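There are two complexes below, and they share subunit A, which is joined by subunit B in the first and by subunit C in the second.
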Partner chain A sequence: MTEASAAVNGNNNDGTDASPGRTMAASRKPPLRKRRRFRVSIVPYLFLAPFLLLFAAFLVAPLVYALYTSVFRDTLVGGRQFVGFANYLRVAVDSNFWGGVSNLLFFGATQVPIMLGLALTLGIVLDRGALHARGLFRLGFFIPYAVPSVVAALVWGDIYGPAFGPFSQRARGLGLPPPDFLSNRTMLFSLANILTWEFTGYNMVIYYAALKAIPPDLREAAVMDGAGAWQYALFVQLPMLWPAILLTIIFSINGTLQLFNEPYLMRSIAPAVINTHYTPNIYAYFLSAAIQQYNYAAAVSFVLGLLIAVIAGAFTWATRRGRGAS
Partner chain B sequence: MSPPRFWTVSEFYGGQAVNKVFIESAKAVDPSFQWSPFQDYVNQTMGDKLGAAAAGNGTLAAAFDSLQDTLVQYAQDQGFTVKT
Partner chain C sequence: MTEAAASTPVAAPRSFKLATRRTKRVTTALLCLFLAYTFFPLFYLLVASTKTNFDLFSTFGLWLGHDFNLFANLSELFAHSNGIFGRWLFNTFLYSLSAGVGAALFATAAGYAFAKFSFVGREVLFGAILVAVMIPQTALVVPTFLLLAREGLTDSPLGVILPSMISPLGVYLMRVYIEQGVEDALLDAGRMDGAGEWRIFRSIVFPLVMPGFVTVLLLAFVAAWNNYFLPLIVLSSPDYFPLTVGLASWYRLASMGGGGGQAMFSLVLVGALVSIVPVIILFLFLQRFWQGGLALGAVK
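Now for the complex of A and B:
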């Protein structure tokens, strides 16, 4: 408070009217100006402080600590020692880690295009306004995203269940062999189905918002030029949606490579298929929580983070280049 | 001595008197057995390897071989000298 009032006084002193402190102002001028500039630059950070404090405490600090942890090694015989990048070199040749990554790359290459294609179709259909009760459909498509992923995975686990699931029971009632949703071969598709169910609505809302932002005169112009609904969707809406599509692809790459909840919960009904290194995040979890290899788990997490950054970055770079060339 | 239900034959377990089987197998356990110093790791790896065999990836014998190799490797990584 006192500093603020001093600043106000200082402002008055700089003015032309003769105030009592005029003689003093000349000598106080330079430090005052410095102090004012300092205050201007610190105010935004004060407003940001609640965020910055939490960000530092719960994101930056754990990251730094994990990085520090990852360059040590703690063995039963010999104890803790500094090993530099040895843990990272171990990750580079760890078949468990890369097996999980390849699982997810296959998963992402099949599930992400299906999910985004579906979301795009639904978004365009909703935007065309040919539907009755559009709000109801929009809400209906989005609701799965509002279901917590753990709850969704539990419910889907129940549906897939070999002994108690509705599909198995119907099949057995008809005298057919029950479908196996949880075998080595089908598990990735069963997981893809859960993820598609969960996130199609979320991506659809992003597309829908982007579609709403397309100025209506573009449609008028396209219709005047004789464009049909398909042509308008393909040659006007799709290019205009590109930034939104790119965004959802980056989100999907990020989400896919960090897959944890759904496969982890499926483990309780398919322990033979979902092993302790089915996805890289599950691997890091079991390394740290089950067998206390905190140092190695930290290294695995950092390599995974780096991998996500590289893939997302490469994708952005490639699409920007492709668009620049065309 | 034991309640009669203890010996019941269970249809769920394919018509076996399960507790009888359990007692027989418990008697077969070698009491000189020792836990490993990193039993958590053993259990987890065993689950992975035997699970893979149960799911149809390789034979059970191969799973035990691979388990042995992995555990020896882990023990050496942890600074133990392994004698076989």
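Now for the complex of A and C:
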């Protein structure tokens, strides 16, 4: 439609505009326009092609292949056998898998709200500008995001550690029993701390960018109407931030259920606590890389992906419904 | 520029001003507290990197030891195992740079297609990409490994690089960015002047969305730099390892103790320090890009 109107405008211009450049363009125009009709239909696909190619090869194909693999079973004697949903039934009653999932659900229900609440508070405070050295804070908070999770995990691991962690050192210095950050009971909290440290700043930057996109007139209008800072945050900023908040919640749910790096690194220093199925992804890793149960590993990672999709989808649907009703 | 304009409302009533003045000190204190938390492990890492392995165990973790051993640690780091650490550093640069540039280019082109063209299958494809945003890389690691294993492509750097070039989130961001930052009239003017579609993309759209492009590049670069799970499962030759996989393998050696393993703790720590410096520098220099420049792009 815009194409057509542009062409019409072009014709009008050609009639009135006498500049030489224009007339030259006009003389080339008719055949070009004919060709463009065809090109317009293929152009978007050409722009999409590189992305879609990789998308198909390294996102769709692995998933399709995993789905395919998951309905077979490789046995030493019988070779590859079609087993239908047998692997999925096995996942459904696999306490190793569901134990990992419940670890993470507990983890996510506590860590995610704390982290996002913190990020939201920091973002709003930073955006308001009522403080000194705003740039320093914004930069400082985001720095953990530049730290690989492997490094974050091993540095925090050393801090937690009984050998040369500063907390244990101080406790020993005072004659107290050193705190055990790596026990069965405390591990989830220690991991939650690492994740909060890593991602609060990242989420804050997302909120901060969304806050910056709110037109300044809105603030002026709110101020004119006598709104205080709190009212402005609550009734103007928060609703406008909602898409960003929803996005970060879904990312966080994803990230939590996919947890691998941090607990896997902790396995080096707490092998008795982080077993081979502490999280579903650690389990899938061991099934595939260590004991080569490819078919079952495929089923496990597929169920995990499905679980995440269902949770994220349900969450989006519920909040959209809730908002639509209000 | 826009920030300054936003933070000085023309006629702010007294209540607003008073509230901000009163909260100024409280909020600054709060932020300082969180900043201290943020820098705590980094400070620990910095201090620990300057210690000999002996001092690491025998002196307080949050202050310097008897010897300042940073440079000795560094030279030992790059000398250990015939300089394998330098190799890991190079690999990480290679993987991250190709992943970042590829992801940003492809996401910009795709985002442009979604933002400014209507074509058959647009909604379906974009829906698929939105679904993919919800599938993080981690979820694809095991399936990707299974597929690569079937094709006999494990232990190849391409098995790490190519999957890292897919950034569905980047496509989403670029679509929004282009929709809001590039006016249709501008494209139509280009078409009227007889510019081809590629030329319009390259010389009109691309400069306008540069901040978004760099943002996506930066995000993909950092994601690849920090990636651990995929290279861990795909690569098996230490020569191909990125820093994360290499450091983690040393960390396990150190933690297992015995056989001189403990002597590796200081190596792991100074290696960790080296591995975060490039990305932090990158962030410092590209600050203005990752602060979400939609408004900026619109102003320009």
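In this section, the second predicted complex is superposed on the first by the 273 of 326 C-alpha atoms of A that agree within 3 Å, B and C clash if a C-alpha of one lies under 4 Å from a C-alpha of the other, contacts with A are read in each partner's own complex, and residues count from 1 in each chain.
One rule holds in what follows: a contact is a pair of C-beta atoms (placed from the backbone, for glycine too) under 8 Å apart; a residue touches a chain by one contact, two chains touch by 3 or more.
Everything quoted here is computed from the prediction, not taken from an experiment.
When both complexes are superposed on subunit A, subunit B and subunit C end up sitting side by side without clashing.
Of the two partner chains placed around the shared chain by superposition, subunit C is the only one that A:V125 touches, whereas subunit B remains out of contact. In the superposition on chain A, contact is made by A:A61 with subunit C only, not with subunit B. In the superposed pair of complexes, A:A312 makes contact with subunit C only, with no contact to subunit B.
By the touch criterion stated above, A:S41 is placed in contact with subunit C alone, subunit B being left untouched. Looking at the shared chain after the overlay, A:L246 reaches neither subunit B nor subunit C. Once chain A of one complex is fitted onto chain A of the other, the partner contacts of A:I143 are limited to subunit C, with no touch recorded for subunit B. More residues of subunit A are in touch with C than with the other of subunit B and subunit C. Once chain A of one complex is fitted onto chain A of the other, the partner contacts of A:H277 are limited to subunit B, with no touch recorded for subunit C. In the superposition on chain A, contact of A:S183 is made with subunit B only, not with subunit C.
Put simply, subunit B and subunit C get as close as 12 Å, counting only Cα atoms, in the superposed view.
Contacts of subunit A with subunit B, set against its contacts with subunit C after fitting on chain A, share not one residue.
Residues of subunit B that touch subunit A in their complex: 37-38, 40-41, 44, 47-48, 51-52, 54-57, 77-80.
Across the complex, subunit A meets subunit C through its residues 2-3, 5-6, 9-10, 13, 25, 28-29, 32, 36, 39-41, 43-45, 47-48, 50-52, 54-55, 57-59, 61-63, 65-66, 69, 118, 122, 125-126, 128-132, 136-152, 154-159, 163-166, 169-170, 197, 200-201, 205-206, 208-210, 212-213, 216, 219-220, 223-224, 226-230, 250-251, 254-255, 258, 260-261, 264-265, 268-269, 281, 284-285, 288-289, 294, 297-298, 300-302, 304-305, 308-309, 312. Taken in their complex, subunit C has these residues touching subunit A: 2-3, 5-7, 9-13, 15-16, 19-21, 23-24, 27-28, 30-31, 34-35, 37-39, 41-42, 44-45, 48, 56-57, 60-62, 102, 105-107, 109-110, 112-114, 117, 119, 122, 125, 129, 131-132, 134-136, 138-147, 149-150, 162-163, 165-166, 168, 171, 184, 188, 191-194, 197, 201, 222, 225-226, 228-229, 232-233, 243-244, 247-248, 251-252, 255-256, 265, 268-269, 272, 275-276, 279-280, 282-284, 287, 290-292, 294-295. Here subunit A touches subunit B in the complex through residues 75-78, 183-184, 271-273, 275-277, 286, 290-292, going by the rule given at the top.
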